[in-house]
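Naming follows writing order (A, B, C and D), and every chain is counted from residue 1.
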């Protein structure tokens, strides 16, 4: 099973990138799992403005994301909550990809995660973030994950500083891969 | 009362721009109402990536939107539904403005509208679109408006082709201005 | 494949019951599909108040719904939009069933539908209605269906009055059964 | 200013009732504020099934809630999250009241709160809970409040056990009353 993992940020020091990296490390230890850990800078695209797709105009970043998704059996996306909702960067990429047929998210198992320095870890935003994925027919894993107090969550080496977080992510990773296997390929 | 009106698109032929323009015309006929009908190209900003604001870095488009909002008593925003949710362009602008203190949307009455060629006019998307406005403390007018079959809704001169739409927008405009006046200035 | 179908109402003349009945008739014509067309009066339960479940206290209506769900491979639920959101009757049943382990909705494919005399058919409410199903790990079929102008949609015999509605429901039924088959049993 | 306060539960030991009681105590200490602290048992109503209202049929509990709301300038409602969403009991009451004209929630400032023994305090549910209030034109206070670890939050006398909770609720109460005063009466 191949899982595409990325954090929705290109900033150094983003907690969401850090959580993506640490989650990728945990997923890699699972038997039968190959991880494609991407950097979001590979996928960045100009703002989508309701343009129609003529078969050539999809921007390179969106095309790259579409291809990497199509090569993967599933994706784990770690995205910040901004103002109670989805990151514009992520929504922008989703909207570009929705021009393709078939839509690359259709029938794709997706694990949505979030990290924030606050006490709720972005959990409100996850419910807003999932809406376009649901609309496009992705299989959003029901156990979305929000990491609170993210500023204290990682060591300098990018590993989980709190044993309970590592344990939770391991259980989440196992639950998600079981979920992915529950769909006929 | 000064109302900022804009459609969230810079595309020629956008139904949401057309609805913004036609709504601005109706609002202008109301007694005591001044309309600032903006083109979204004035507000376009690069993608927001969780950056911190150091007092100088807000992009010019976001700064322009913040200033125009601060000069207005209320805003009417016409924004497309993409994949069941908010336009990334609009979310992006909202996130940039949320760095300012006070947040320009706080306590601001907002009329949210949408147009689409489909039968539902983008009504699902309006509920997703309002979330960041609610989170930031805007007063979202409860009677959001979705215009279905938008491809048949406008004349070549940009006026409402269907008498019932013009009537609905006039009632909406009157209801919204009454709503705006219900807040202490 | 066995599909449990019900409208969330016990009122005579409910459009949602009518849509459930007409949808059941269409589903029954599909090859390999058995329909369990239930009346919601079988499932009615007292209001759930955060009670804990001691293995005996689940009310008879909730127990009946749980059993019928467990016998089915999937469910089609037709539920009205009230005030932009989920019917309290449906939410009440979902909350009762969520006390069981495993939760009967987990991994169950669900088709959500709505009917209303208005122009939007309850489409806003479907997105609110799906949230607890998503939270409990049901597989909500992405193409939720809203029937507008429901007061003109049915003949006296309870059949679809408009040919395009019958066609849409047939396509929906075929899409949903394909979706159900995409999960490993 | 008169504020109606209630927890959406009739169970002894409900954390949401406890939070309602403790919040009522804090509100009562504010200058110019009168609290009507209700018990939800006064408002309980049979399940709403899309019935039409003939002017006499509204159940007594719903009628009582409507009257108490109409006597109040604002309301603070403390309601549990069940399965990521609104309590059926609360939704049921809202749907009954929506039959009245004018709708008692229209233009009414509402503070939504939640308590749970979990780490997120029901914050996801608050966003689902607010939807029907928004749809009916209530002014939902933007700073909704979720109390995590509610099993450790109260003393035997029903006071806040954690000084920081008491401080937060006091700030919340002050912010909410300022919000209520921002509307013209």
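Keep this in mind: a contact is a pair of C-beta atoms (placed from the backbone, for glycine too) under 8 Å apart; a residue touches a chain by one contact, two chains touch by 3 or more.
As the structure is a computational prediction, the values presented were derived from the model and not from experiment.
Against reference pair B-D, the listed pairs A-C, C-D or B-C yield one interface repeat, A-C (criterion: more than half of contact pairs the same by residue number). The interface with the greater count of contacting C-beta pairs, when A-D is set against A-B, is A-B. Here the spacing of chain A and chain D, counted between their Cα centres, is 35 Å.
If you average the CA atoms of chain A and of chain C, the two centres end up 30 Å from each other. Centroids of chain A and chain B (each the mean of its C-alpha atoms) stand 30 Å apart.
Counting partners per residue, chain C has 84, 127-128, 131, 134-136 as the residues that reach two or more other chains. Chain A makes touch with chain D in their complex at residues 84, 119-121, 123-124, 127-128, 146, 148. Interface residues of chain B, counted against chain A in their complex, comprise 9-11, 14, 44, 47-51, 80, 82-89, 91-92, 94-95, 98, 128, 131-132, 134-136. Residues of chain A touching chain C in their complex: 106-107, 127, 130-131, 134-137, 139-140, 142-143, 181-184.
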